[in-house]
Every structure is written in C-alpha cells, then in structure tokens.
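Heads up, there are several structures right after this.
Each of the next two complexes has subunit A plus one other chain: subunit B in the first, subunit C in the second.
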Partner chain A sequence: MDTVFETPDALNDRTRAALIDLLYRLADDELIIGHRDSEWTGLAPILEADIAFSSMAQDEMGHALAYYHLLSELGEGDPDTLAFGRSPEQFRCASLVSLPKADWGFSVLRQFLYDTAECVRLSALAHSAYRPLAHLARKLQSEEKYHLMHGRMWVLRLGDATDESRRIMRDGLAAAYPHALGLFEPTEADEPLAQAGISPRESDLRKQFESAATPVLREAGLIAPPNAEPVYGGRTGKHPDALASLLDGMRLVYHTDPDAKW
Partner chain B sequence: MSIALSTKSGELAEAWRALEAVKDPEIPVISVVDLGIIADVRREGEAIVVDMTPTFAGCPALDVIRVDIRAAIEALGHGEVSVRVVYDPPWTTERITDRGRRQLKEFGLAPPGPTCGDGMPNLDAVPCPLCDSTDTTLESIFGPTLCRSIHYCNACLQSFEHFKQV
Partner chain C sequence: MTDTQWPIFEVFHQQSRGDPHVYVGSVHATDAQMALLMAKEQYARRQACVNLWVVPAGAITASEYADADMFLHETDKSYRETWGYKTPKTVRITRPEA
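On to the complex of A and B.
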C-alpha cells in the first residue's frame, strides 16, 4: 500500500523540503497571476471581460492564500509575511505570470496557457500522497474549470476572427509559449516528490500540458511554436525585472506599516 | 440563560440549531447549514469545533461567516469555540439542502445544477428563477461574487444570476 502523509509530522526532512519548494511555486504562481488579472479591472474591452478578470483575480488570490496556509502549517511563517514580506529573488513563480499584461490577446492567451497547465497539475495533485495538498487541489480543480472555459472561449474566438486578431494571437502565442513551458522547469525537488508520491515529475506534467493545449490551439487556427526553448529561472528565484516592479506596487500599502492590524 | 443540556449530543444539537440562524452575508435568506458549508460540529476537550467547507476557496465572505459562526456558538455558553476551514469533504452542489435551493430561487438566484464531477460545468439553458423558462442565454461566466454567473431570459426578458455548481 502506498504511504500517505496526513500531517506535516509524517514527512522526513528531505520530503518536507521538497514539498515546501513545490508549495512556494504553486502559491507564488497564483499570487502573481492574480495580481496580473486584477490589472484589467476598469480597463477590459467589454464589461463581462472586466468582471471575468476581476473575479479570476479574486479566485487566484484566495487560492494563493490557501497554499500559503499549507506553508504556514509546515513552519514557514504567516501568509501575509510570505505574500508581502519576501524580496523578489525569494519568489518561486514562473516567468509566465510575471510578464506584464500587454494587450488583450496576449492576456487571454497567457490565461489560457496558465489555466490549462494548472488544470493538468491540479488533476495530478488531487491524488497527492500529502493529503492536505490533495484535498486542496481537488477543491481548487473544480473552481479552475470556469477559468479554463473563459480562456478557451477567447482563444477560439480571437484565433480565427479577423486578420488583425489572428496576427495578434500568433504573436502572443510565440511570446507566451516558451514561458508556459517554463511552468514545468525541472527542480531538485522533482525526485523526492515523485518518490514520495506527492507530485508527478515536471517532465510528465509538461507532456500532459502540451497534449491538452495543442488541440484547442489548433481549433483556434494557432500552432504552438515547435521546438520552443523553455524560459527557466523562475523556480530558482531568477525573474524578469517586471516582477520587482509588480511587487513594489503590490506591497506599497503593506510596507507603509507592516504591523498594522486590518 | 439556555437550559443546561447535560448530554454531549444535546449541546451539539443546540449548536446546529444556532448555526441555522447564521446566514450567508451576501444571500441573507439562506443559512450556512442549508448552504451545506458546515462539515462537522463536535466537542474536542474544552472546545466546540466547527469545521466549515467553503463554497469557493477565495470567497471574501468566509471571514465574516467565520466570525458569525463563532459568535453564534459562543453565545450558547458551552466553552471555547474553534472554527476551522477544511477542504475535506469538498463543498459541492449536492450539499445544498432542498430548502436552501428553494430559498435561493425565491431570492432570485437560479440554484446550481448538478455537480460536474470530472467534466466541465454546463451553464447553458439554466432555468430562469423568475419565470422557469429554459430559453435562457449565458451572458457572463463570472458575476458580482465568485459563486455567480450572469444569464438573460429570452422569455421574460430579464437578466438573472445563477449560483455556479462545482
């Protein structure tokens, strides 16, 4: 029978460190993309689009908080400090989420790629041997389906609408796809996590992502750049400059008085 | 002062009754019990513990609900109260009671469809809570709160919101 880990105490040091690394990646991805989503509030092309990105932002922030709570239970500190008190190089988000929102086409493509990847990852993590993560992943998976519906709808609509929309979507995909592959950057945590049954290897998840994304892109008249070189670095704290700017803005209020009681 | 209930099951029954008075702050006609977000109520040593399973993990009303639950149970005077957020069991549509579904509809919110399970949610042809027609159109997957989508009824020509199933 496979071992399951019901609580942090059940983990040995090596597995615990690997799990903590994974949770920072998950939490930081959600926090940063949640912030990027919120940047469309008041600016989206139509009202329903504005509501969509604002709502998804709220979802992602809530999901980030849930992951930070898991990190708290593993002794990493309180969620507010984790979200607002770390320097950019301490973050473990992939570059895809750090990229600025650019234009509408790029943003819906980025959202589609991110959520396709997330749904693949959550499906796997719903069976994680670390039960608190499995329960959370199962819950979040059910909510992320609505994000996926939204991303697919826009990619299909814009990928094959006018010459202008086709061009913008093709350019957006060429720019975003290498960063999407960066979501699956291999790390030293891969082996311990796979051996413990806590998470599949990043390389396996990447294959599943490509299988899930390709048919939708094809239906939209788009082709993922073949042999795209993944952009790595985020999982070891090397980020585009855009992340530092984002964090400066996001933490402005917090840093005026970190001890304030809200 | 409430009648002292000496049996363990008595105090827990009283706690459940108290929870029926705790309403969703955004949908004040429905209680947290009828919404199905109370996963468990039990005694652990000195404390009464209430486990709540959120409808949507990012729902900002959760904090308000947690405070309200704590206040309702503390008012019973049975000792400490601990309110915990759990994801096992996960909240799904099936947890809403029949009374809760009726209350949602009367409020003007279309009740959620069946749980999607492994499949994608179906937001097409949601019955209109105002006139019951299924000749309705999805206007927006997202709405004013995390749990709602926005629809338009082609029969009675009014828009309405729908509680999304998960």
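On to the complex of A and C.
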C-alpha cells in the first residue's frame, strides 16, 4: 500500500489494465447518468427543480470528461471519441444509469442512490495510490456534497408526503435498489486494484454504500428491499436495451460528421 | 394573478465573508431547507458565494407604493450633502507667527 504511482509510466501492465477498466466504469456511469438526468430539462415538476437537476446533470458530464481525460493519459484516445465513438457493448456503466428516467420519484431516488454510491467511492479514491485519480476524486467531492444533499432532500420529502408519493417512492426504490447494488459488480480488476492500493474491493464499497443509504431511506419511511439480488452485467458490457437507444439519441449529431471541428 | 405554486422564499447572496448579503431574487420551495438547496443552483452556480440566506416572503413587511411621496425631497436638502458646502479652491495655510 505504500507505493504511490505519480504517472501512468509507474504502473505495471496488470495494474494498468485494471485501472483502465475502473476508469471506464467511473466515466461511463457519469456520462450516462448525466444524460439521463438531462432528460428532465424543461420537464421537471417546477422551474427551480428543473434548473437544479439540469445543473447537476452538467456536473456529472463534467466528471465524465475528467475521467475520460485520465483514460487519455493512459493511451485510450481522446475524450470525444471515447464518449461518442464506442459501441454500447464497449460501455462499462452499471444498469442503474441506463434505465429510462421513468417518473420524478424514480429519478430522484436514482439520483440519491447513485450519488450516495459516488460519495462512498470518492472518499476511498481520495486516498488512491494512483495520484492523478486521488487528486481528481478530492476535486469532485465538493460537488458531490451538494448532489447528496439534493437527493436526500427529495427522498425525505417524497417518502413522507402523501399516500401517492409514498407509493411512488416505494415502487421506485423496489425497482432501483437491485440496480444500485449493481454499481458494485465485482470484476477481475478488483484484486489488482486493491493490491496496488488504487481502489478498495467493490464488495467493501457496497457495504459502505448500504450503511450510508439505509438510515436516510429509513428516515424517509422507506425500506431497502432485504436480500435484493444485485443486477450485474453492465461492467462486462451487458446492458438494458435502453442504453443503445440513449446512445443513438446522444450521438445523432456527432455521427453525422465525426471529424467536424466544434 | 394569484401564485398557485409553492411558498416563495426571498434569497440573499454573500459573495465573500464580511460582505453584506445582497438580495438576488426568489425561489419556490415547500420549506426553508429546500429553498436553500434550490437557491444554490438558481443564484450561486455561476458567481462566487460563501453563504446564502432564504427568508419566507411573508416575513417581509414592506411600505406602500401609495406612500412613495414620503421619500420625495421637495425642499433644499443640499446641506445634507458634502457638495452642499462651498470650499475654497486652494486652502490657505496659515502659519503661526514665528
């Protein structure tokens, strides 16, 4: 754990491959949740909520860009090509972010679960042995603080408002929770990353996530489904169909002329 | 037209510590905590900010526009201003006799 990697050159091949895999997961999660949340622009229940949600969607896109830059430094190509040039099965995002936006209750629940997971992950990555990642994680933590306050605020308000809101949030949680656990799908990169001190194992992060999410859900009068079966597959490129149609829409303009200069 | 949305909170923004909180606008929210979170994105996502206040609009007591004439200055009030006093262009410095 004592070795620190200041630059990509310091990594051996096995660690480097594992780190690249991790960064694709982080970047693709951010890009796709950012796009999904942006689908509320102009449609959220009130103007204030619309602006706040849209602004956070932009934050997530910004985080994606920062992770794609780290991938570029590791020789994976330029960020635009990474975001727009890969096929759906090359994406490594978890199913949670691919799901359609559904209703406002589902979307704010997803935002809460996603950002709770991200806070847990960033707290760990802030001490990563891969210095460029540790620096970035610390930078992103301040924005995540607000995201978490926002998600928590909506979950607490809607979990305990009316019979209708309670029902929507209960159904939303039942639908979202197994996918949220899928954010921590174990991969072959877990061991090399843990051994190198770059990232904790996914199973450890999942425990921290559940400890962080449960009290807020309980305060909102919601219960995470016990023994929920995590939905895996995203980390190996097996996605809900919704991802392909999202990517088609997102990249429509890009694909009319991939070499265009903006 | 009556406002059918949520209660209104007035928002005050402080750019850096020690600065006055400046009124920037309002947000709709169900309660003060939500108003703070909404105000952050409406009024602090571009400019620098260290602190926000939100105040229920109903907590503000305002004067009547019908009484606006009470603010008029109809008589010469120039004595209240520095420009209301004549000072010589050059100030003669008198020295005490040696």
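Here is the rule we use: the second predicted complex is superposed on the first by the 261 of 262 C-alpha atoms of A that agree within 3 Å, B and C clash if a C-alpha of one lies under 4 Å from a C-alpha of the other, contacts with A are read in each partner's own complex, and residues count from 1 in each chain.
Quick note on the criterion: contacts are C-beta pairs under 8 Å (C-beta built on N, C-alpha and C of every residue); 3 or more make two chains touch, one makes a residue touch a chain.
It should be emphasised that the depicted structure is a prediction, and the values quoted were computed from it without experimental measurement.
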{"item": "Combined model on subunit A: subunit C and subunit B, fit or clash", "value": "clash"}
{"item": "First, second, both or neither for A:Arg167, with subunit B first and subunit C second", "value": "neither"}
{"item": "Subunit B versus subunit C as contact partner of A:Arg157, first or second or both or neither", "value": "second"}
{"item": "Partner chain(s) touched by A:Met61 [first = subunit B, second = subunit C, both, neither]", "value": "first"}
{"item": "Partner chain in contact with A:His255 - subunit B first, subunit C second, else both or neither", "value": "neither"}
{"item": "In the superposition, subunit B vs subunit C on subunit A residues touched", "value": "B"}
{"item": "Which of subunit B and subunit C A:Arg14 touches, first, second, both or neither", "value": "neither"}
{"item": "Touched partner set for A:Leu136, first subunit B, second subunit C, both or neither", "value": "first"}
{"item": "First, second, both or neither for A:Lys145, with subunit B first and subunit C second", "value": "first"}
{"item": "Subunit B versus subunit C as contact partner of A:Ile51, first or second or both or neither", "value": "both"}
{"item": "Which superposed partner A:Lys238 touches (first subunit B, second subunit C, both, neither)", "value": "neither"}
{"item": "Shared subunit A surface residues [contacts with subunit B and with subunit C]", "value": "48, 51-52, 55-56, 146, 149-150, 153"}
{"item": "Residue ranges of subunit B in contact with subunit A within the complex", "value": "54, 56-60, 86-88, 90-92, 116, 120-121, 123, 139-144, 146, 150, 164, 166"}
{"item": "List of subunit C residues in touch with subunit A within their complex", "value": "5-6, 27-30, 33-34, 37-38, 40-42, 45"}
{"item": "In the complex with subunit C, residue positions of subunit A that touch it", "value": "46-49, 51-52, 55-56, 146, 149-150, 153, 157"}
{"item": "Partner subunit B, residues of subunit A touching it in the complex", "value": "48, 51-52, 54-56, 58-63, 65-66, 131-132, 135-136, 138-140, 142-143, 145-146, 148-150, 153"}
